[in-house]
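Order of writing sets the chain letters: A, B, C and D. Residues in each chain are counted from 1.
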Amino acid sequence: MQKTDTFALVGGDRRQAFLAGLLAEDGYTVIAAGLEETELPCRVTGCTNPGQAVALADWVVLPLPVTRDGTALNAPFSRTPILLSDLAESLTAGQRVFGGNLPPAFTAALQGRGVRAEDYFAREELAILNAVPTAEGAVQLAMEELPVTLQGSRCLITGFGRVGSALARLLRAMGARVTVAARSAAARAGAAALGCGETDMAGIGGERYDVIFNTVPARIFTADLLKRLDRNTLIIDLASRPGGVDMEAAAALSLKTVWALSLPGRVAPKSAAAAIRRTLLTMLGEVAP
Amino acid sequence: MQKTDTFALVGGDRRQAFLAGLLAEDGYTVIAAGLEETELPCRVTGCTNPGQAVALADWVVLPLPVTRDGTALNAPFSRTPILLSDLAESLTAGQRVFGGNLPPAFTAALQGRGVRAEDYFAREELAILNAVPTAEGAVQLAMEELPVTLQGSRCLITGFGRVGSALARLLRAMGARVTVAARSAAARAGAAALGCGETDMAGIGGERYDVIFNTVPARIFTADLLKRLDRNTLIIDLASRPGGVDMEAAAALSLKTVWALSLPGRVAPKSAAAAIRRTLLTMLGEVAP
Amino acid sequence: MQKTDTFALVGGDRRQAFLAGLLAEDGYTVIAAGLEETELPCRVTGCTNPGQAVALADWVVLPLPVTRDGTALNAPFSRTPILLSDLAESLTAGQRVFGGNLPPAFTAALQGRGVRAEDYFAREELAILNAVPTAEGAVQLAMEELPVTLQGSRCLITGFGRVGSALARLLRAMGARVTVAARSAAARAGAAALGCGETDMAGIGGERYDVIFNTVPARIFTADLLKRLDRNTLIIDLASRPGGVDMEAAAALSLKTVWALSLPGRVAPKSAAAAIRRTLLTMLGEVAP
Amino acid sequence: MQKTDTFALVGGDRRQAFLAGLLAEDGYTVIAAGLEETELPCRVTGCTNPGQAVALADWVVLPLPVTRDGTALNAPFSRTPILLSDLAESLTAGQRVFGGNLPPAFTAALQGRGVRAEDYFAREELAILNAVPTAEGAVQLAMEELPVTLQGSRCLITGFGRVGSALARLLRAMGARVTVAARSAAARAGAAALGCGETDMAGIGGERYDVIFNTVPARIFTADLLKRLDRNTLIIDLASRPGGVDMEAAAALSLKTVWALSLPGRVAPKSAAAAIRRTLLTMLGEVAP
């Protein structure tokens, strides 16, 4: 049985299928399982038995997120549910598993079997690379909803982390007028260094914006703040659960709000796959701790 | 009867409604007719009788295009059809009519009644301003269809007029790799001056592109050329009728093709209205010939 | 005597020397004369006798401008003066001469001998290509003189032709706040389409600018207008003779003024040479009229 | 004696003079000492006695760097040398001193007198803001030295910290082709996210670059690496002492090298002053630890 340099990709969506194709183009042997309902790229071998697929591989790549309910693999394109516990039992000591947002219990179960489990979503380089499709996805949503061009539009970005700064750069390059609301002196200096206007959270309500992009995972847009916004303002919430906007209050005020989660995989699955591929290869190149 | 500084806007779509609102914000009296099925901005007076509306106005603004069939006004939000001939009869000597793509017969009929008819769509400044929403609309379509981010993607633009050059600038600012196919030495120098790659039409088939934007209103993408394209290439045709792509051949080859007409009014009706407003005010400021 | 595909380059400065090198890299035989005081690129044959050099060539390239006094060739790196009349006498029917800003009398003299004389500086593509080094040169001058970064600075550009629009694009990309003063509705629409502010000439005096770039070859900056400018404003005049600024009045007001002529050859001689090379090759590829 | 809200600025160069002007515009009382040889902005009170100036102030601002020799204040525009020990003796408990690169001994001496000494150069926001004039200064140097335009030029940046990434952004916006050499996976992902090419240090010698910008404060450009570079490559070293280039080896190879230190204060003293002003006001707004 020849296992050297074989990847098994199990579960996931179009992004995972693209990832399979990219790794195959790199020259690896790639087996895909739990992706029956989507077209596999050429040079990728489909396998209907996930347990068999992982048994054949050196490296197993699970999707991002690995699971949504803690029990079954996140595998929307699989004909049958795949249980994490079944997957674990198919793995043997010495194999390596890569997953996005690995649940601690599953990681522990794998380590108990001598299988090394690593979370690619925890890697800084993936966060950096994902900021690009996230920013583009946010721009796409704004274009779809706004009656004005982004060029010349007034945009507010709350938060100035990776996504906030990538979005600020992109919107500025497109000719938008960008204001950043951030708390720390360093974040605000960063916004100024990109040529953006600045405000603190208290100043948000005073200005008219065509669109507000929230990147802060905290309930900033309370009913109180929402009331002070212009009624035509579009709000795009890029923050992960629980999100930054009081959606009920926004609805009551007829403020158009879009909660945009997991943009990379949705708007640019092939680029998102390329980012994961790059991260995986870096992780493979690193010496084991 | 006080007619001074009164606009009547008749027919059209959301763009025309936004235009009514912008002119009202400028302080003009604005009467809108044939827009019953959309919400009118505040300060705009709705009128159910188009003939009466135009009779009350100094300046009558008809939509872009004025008509689609040569007989009835282009008025998708009107409850009843509005005939160009009826409109003409409501107008009297000394009034001015502005329309987009005015049919020559209608212009002649108006002039026969002493009504000055002018085509705002023939104005250079409108073409320049409209290139921005057209380029953004093309980018939006590409984002919606492509599995990759525009950043780093390989884009081909055929033609380097107003739309082609605006699109090249925008895509470059977004980090795309842009090649321009154009015939004239000046157009190609212009592409080089923006930092784009260049090719002639013969060279199109040789390279792999993620997306091709056609701006040339001539059947460039023949079955023969389409056959030489990578099968994953997305084609966005921005050229007016008859378009630049052999759509049947593209379909037979399973090439994804989008024919994108009238983008400004569709993707950014408010910005498109602002461009018409600006053009109208310039035309009003010019001395009559 | 093998003359096929031989260029003779006579006179000129570093740009002409770079041009010789680029044409030699293209595979042409290149003879250079009147460039003794600069280092010639490899593969270029130096020749101390201009008459002999041109006699050996199919195509003769003279500098930009061909002459400064109407009599002698513009040849600052030549050990001895070269007279246009001597050059003309060395040429014979069938040869082609390319020069920048060819004086009509010289063109006529050449045509009288059956020599085809063409002006590459009159070509639109060269004007387009030269706008890039001109804009970069203007930016360099501004950087050298201003105590502030261009990012965030307030810039005014008068005129919106090739140089004005290239400069507006570059300054915007660098994060400057750019206002354009232009007369025509189309030029102002073009400025708006780039996201620049707009003003008419009358509005120039009312605002504070860190730097004003003039591209209009007319005396716009009269003593009267200069008086209304902030005393710290830097003025960079890119207009050809007689320039757009009343230099005496500016000096009397202690306004810092730089008259920046012929920037491409001065700030980026190699890029300027590449632009001429490209233009020459296009001209050679065109069928004779 | 009314001391509330009074700044004393002592020593420094044009940047310090601009800083005095900006703080005066903010409404503070500003006394300047040790700046006799430069013109003071209006509303700034000059004082020939540094000891008296600091005695009158709530807040004392010393230049960046505070000293070059450890003994005397860095005061190139002062008529007489100012000793740090004299300054310390003029200060009394409760006053606050702000300096750039404060020497530990001086800080200790001040604290011994009950004077709070803080280093504004250690603040993250200043480093972020200073990256803009540093990047612009590097671009200016490259423009001055290169025979080509930055648009289309091949640039290498070594290191991808604050300066490296700001420079990459600026050069990309100007149309340059930018490659980044960096070690960490995160830095390289950041370069990719800006659309730059990437290389590792070993790959530097293999490509031809018009200009290399070094930002890494380590001897990367050894004689060995320098030998492998194209002889026309310009090297701009932005790294602080001891710099990243073996200058002797570069000279022996006739490689043009510019060691560019302290760019913000040199190329954009007013913007550099604005960055310090902003940092000082943030520091003043923070609660004492």
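The definition used in the following text is that contacts are C-beta pairs under 8 Å (C-beta built on N, C-alpha and C of every residue); 3 or more make two chains touch, one makes a residue touch a chain.
Note that this is a predicted model, so its numbers are computed, not measured.
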| item | value |
| --- | --- |
| Copies chain A and chain B touch via same or different residues, half shared test | same |
| Mean-CA-position distance for chain B and chain A (Å) | 36 |
| Mean-CA-position distance for chain D and chain B (Å) | 50 |
| Intercentroid distance (Cα basis), chain C paired with chain A, Å | 50 |
| Multi-partner residues of chain D (each touching 2 or more other chains) | 132, 151-152, 173, 193 |
| Chain contact topology (line, ring, star, complete or other) | complete |
| Residue numbers on chain B that touch chain A, as the complex places them | 14, 18, 132-133, 136-137, 139-140, 143-144, 146-152, 170, 173-174, 267-271 |
| Footprint of chain C on chain A - complex, ascending | 151-152, 172-173, 175, 193-195 |
| Complex interface listing, chain A residues touching chain D | 123-126, 128-129, 131-132, 166, 169, 173, 185-186, 188-190, 192-193, 278-279, 282 |
